[in-house]
Amino acid sequence: MSKIITSENVSVYYGKQRAINNINLDFNVHNITALIGPSGSGKSTYLRCLNRMNDLINNVTVSGSIKLNGKDIFSPQMDIVNLRKTVGMVFQQPIPFPFSIYENVAYGLRLNGIKEKKILDVRIEKALRQSALWEEVKDSLHDNGFSLSGGQQQRLCIARVLAVEPEVVLLDEPTSALDPISSAQIEDTLVSLKNEFTFIIVTHNMQQASRISDWTAFFLDGKLEEYSATKKLFLNPDKEKTSDYLNGKFG
Amino acid sequence: MNAKTSNKVATAVIYSFVGIVVLLLFFLIGYILVNGIPYISWHFLTSPSQSFLAGGGIRDQLFNSIYLLILTLIISVPIALGSGIYLAEYAPDNVITKLIKTAIEVLSSLPSVVVGLFGYLLFVIKFGFGFSILTGAIALTFFNLPLLTRNIEESINDVPDLQREAGLSLGISRWRTMVKIVLPSALPGILTGIILSAGRAFGEAAALIYTSGQSAPIVNYSNFNIFSQSSFLNPMRPAETLAVHIWKLNTEGVTPDAHSISNGSSAVLIIVILLFNLGARVIGNAIYRKITSGRRG
Amino acid sequence: MGKNNLGAETIMIPREEIAIETKKIDVYYGSNKAISNASLAFPRFKISALIGASGSGKSTFLRSLNRMNDGIATVKGEIMYRSTNINSVKVNVYQVRKHIGMVFQRPNPFARSIRNNITFALKEHGIHGEDELNKRVEESLRAAALWDEVKDSLDKSALSLSGGQAQRLCIARSIALKPDILLLDEPASALDPVSTSKIETTLRELKKKYTIIIVTHNMQQASRLSDYTAFFHMGKVVEYGQTNNIFTSPRANITEKYISGNFG
Amino acid sequence: MNNIKKELNMASKETRQDSIGRFISYFCITIIGVLVISIIYFITSRGLTMFFANHVKLSDFLLKTTWNPGTLDSHGKPEVGALPMIVTSFSVTILSAILATPFAIAVALFMTEYADKRGAKLLQSVIELLVGIPSVIYGYIGLSVVVPMIRHIYGGTGFGILAGTIVLFVMILPTITSLTVDSLRAVPQHYRQVSLSLGATKWQTIYKLILRVGTPGILTAIIFGMARAFGEALAVQMVIGNAAIMPKNLVSVASTLTSQLTTGIGNTVLGTFANNALWSLALVLLIMSLLFNTLVRIVGNKGAVKNERKNKQ
């Protein structure tokens, strides 16, 4: 199976403190990979390396190499703007902009200089359908994004990312602020889209990881403790710590 | 222009605009200080001004400014304190409170010349105070009140509610809780606000031209009888302040060395205001440290 | 009557001397009813715990007992203390609070010295003698089990204390006024386990002289500490009784669910 | 026991303290209320005297261009056309706002989006110092630097709208800047992250998102700046030339409402017609100030509606 992202010896420092330590992790294309682990284990920090969102935080240094389709994302030739277009991100809290639903999804498209209404309409409908929101909002595209419920807002944020047509979508605990029904809807959305996109999802919810992911990486204390196919990891983990965590002994 | 080029252009424009603003400030302060400091001497600070001769000083104007400022603070701080406490502690959430807040906003946005003219109309003419330090102090109070009140209200609101609850739960009255517990905690913020407002009042001229007047009669600095016409402490005498003096020198132009005196006076004014600015920071921090025993946060 | 249908009449009244009693208390935030029909009687020199999920109204109820809800919420009904309805506007709220002290969730010492934290309210209430003040400082700090830790630094700022120490200082500050009743609103929820256990020990000691009512979200704490427990759910008192009975044989389904950790 | 019961029902020292405290604070706030009402009342009644007692037509006052309240024209009517002052006041206000806004936004963006904490703090002090400089000093520098410069470049006296605009530009810059900073700081930090994660450049994020979300706040800032410019008296008076005639161009002498007032009030006697005419100018100032205030309120409310929606979720 082809790898879309490969990472070697990735370490992250906050000031002098090492947050994650020598992570080697590759991601298969058109799969869902879950990153699990207790809070503070470094899974979110690692995720934010993949589209260089850590660049935005002062005092953070990243070492090691991460390659997207074979190209080093830290090399000076790498255009960070293009990187983020290829590797989109959905955050923990739903963060719609205070614009209309339409304009929220159009935001990323307009950044790319797409102005023609016809193209916009088509792309926006496609993205909203992909995120399973179209039926609910097609008659109210010009309402403010905040008029939606929390779960709808998160799907709007997913649509906003999908509209840019990224190859990889990073999701940082996308359902932790949502009710069970909305969470299930988002999980369904991800599963139904995995033939078109590669998803990497950080979650503290082990059931969620086991339900939707193909691969699971277990992080502990800034290290990658174990990484394998989800079934294998959940049913027959190699390490005792993994099994302890999965059985709720800590975390 | 593509996104990256426009990003670069915008960044360059923003940086250069910021550079211009910073240079502007340095130019302004530098200009005043470079041109003014050579004129500042002991003689300049301690001799009376001259109308038609060169070589006058700014003794009376400087004193008037300080005296006026002190009077203003004596009048305005208690009123602002009471009003700030009202807004932070007692104001019910209703139409009247909204009206009062609107009134304070209106007052803060009134041109100072309008405030000065009102003072002139009511106190100089109607109440017959004439051009006097007292009238000037009242006009400056009007000008000072809204900002000071809002500052005090905000400083009080910044004190965590827990402190208030602690006082109330010990059976202490709301008023004493406010005065003895909340106000001391709010003091750094309040003091900073007062000092900054003092700086503003010290440089204000428009509200004073027709209230404290434009003349500085010779006064006797050893006469401490505040009711005596010649006493320097008499609040009912007209008193030209430093800021008004600068304005007058430059609009009437009968003093031969108006330019030099203006330069010197401006420098004195700026230095005093810089000191106020610095003082606000230093004192605010010092009090904060004292109250919290050196813990920041 | 099924297990689900517990009404107000099934809520027991302790057969002991009652320190304070509420009769059909309703509390409103604006038009929003937060507590309805709460009738509870708290026995003297006992610790009573109020438990329930967050939002169940237990803190709101507690704050009504010494009128800390004045100006925040509307409290209807009677609160009988010393055969006076202290929920009446005619009653002097400051006297109420002097006799019914309160300690809050987050430690809130005044930004003054440790000594001053205790003497401040005493002075406000007219106690001025240097000896008397010193005596009260020591007494109350001893009672709050803080004396040994701070006796050499009484003039240091109270803000230099750790969270647990600050909370015990707040308890000392309250009991220095020699109240009748001490209300505690999740006093240990912001503290580490060691500080928590110190506070629990302190409270056990204090109940010899004071009536204590404590709100806690920690059921172990309630079962360890209290003599009586009231379970609040969605603004109502579902069940009230001796702590043992509540934890071993709750009468309402919902209580059982709560104490076995099914929600909340 | 009965003792406590008695105490519970008695008014105490605390109750008395509270009444006193309440009285003091109510008293203070009343002073402010009465003050604002009397300012509005006195200025209005003085300002209207010319129209009611001296029967000047409002249209003459607002539309005629000759201001000479001391004398009568050929029809025996006094000449109180305030249009030159009104035009000049608006000109300097609008021009200085146009000039100051880009600088203010640039500085505000620098402080909120580009600079680190230290840089932002440093610039904050620059802004605070600019606010602190008294207006006579701005006027004085205008008089001794800006006016000669204009004279050198454009000829003429150097006094006029251009000089006034430049002086006001510097004066309102800090006002607009600090309020703009506030409104940009109010834009949630994570909006920026989301935008960047969608592949926006920094400038795209600023231009398409932050400035858009912050628009009501920025507008408010500009209106506040304009209000300050419109009401500023001495600094403008020192550089505008003080001739109550229609300005021919940006470098010809003119007079604003405020400068006419400051020069005029001292030279007229209260109660005379010439004096009444000046009070009418003061009334215009008052009305404009109230208008700016209302405008701020309207724009602010629009922003608030948006925020409310935000909070609902």
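Think of it as A, B, C and D in the order they're written, each chain with its own count starting at 1.
Simple rule for what comes next: contacts are C-beta pairs under 8 Å (C-beta built on N, C-alpha and C of every residue); 3 or more make two chains touch, one makes a residue touch a chain.
Here's who's who by UniProt: A, C = Phosphate ABC transporter ATP-binding protein PstB; B = Phosphate transport system permease protein PstA; D = Phosphate transport system permease protein.
Just so it is clear, the structure is predicted and the values come from calculations on it, not from any experiment.
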{"item": "Chain whose mean Cα position lies farthest from chain D", "value": "C"}
{"item": "Best-connected chain pair, where connection means C-beta pairs in contact", "value": "B-D"}
{"item": "Chain A-chain B separation of Cα centroids, rounded to whole Å", "value": "54"}
{"item": "Centre distance in Å when chain A and chain C are each reduced to the mean of their C-alpha atoms", "value": "46"}
{"item": "For chain B paired with chain D, centre-to-centre distance based on mean C-alpha positions, whole Å", "value": "18"}
{"item": "Touching two or more other chains - residue numbers and ranges from chain C", "value": "94-96, 99"}
{"item": "Residues of chain D touching at least two other chains", "value": "13-15, 200-201, 204"}
{"item": "Overlap residues in chain A, where contacts from two or more other chains coincide", "value": "81, 111"}
{"item": "Which chain pairs touch, all of them", "value": "A-B, A-D, B-C, B-D, C-D"}
{"item": "Interfacial residue positions of chain C with respect to chain D in the complex", "value": "81-84, 86, 90-92, 94-96, 99, 126, 180"}
{"item": "Sites on chain A touched by chain D in the complex", "value": "51, 53, 56, 58, 81-82, 84-85, 88-89, 91, 93-95, 97-99, 107-108, 110-112, 144, 146-150, 153, 157, 160-161, 164"}
{"item": "Chain D to chain B touching residues, read off their complex", "value": "13-15, 17-18, 20-22, 24-29, 31-33, 35-40, 42-43, 46, 102-103, 106-107, 109-110, 114, 123, 126, 128-130, 132-137, 139-141, 143-145, 170, 173, 200-204, 206-207, 224, 227, 230-234, 237-238, 258, 261-263, 265-266, 270, 279, 282, 285-286, 289-290, 292-293"}
{"item": "Residues of chain D that touch chain A when the two form their complex", "value": "116, 188, 190-201, 204, 208-209, 212-213, 306, 309-310, 312-313"}
{"item": "Chain B - residues contacting chain A, complex", "value": "2-4"}
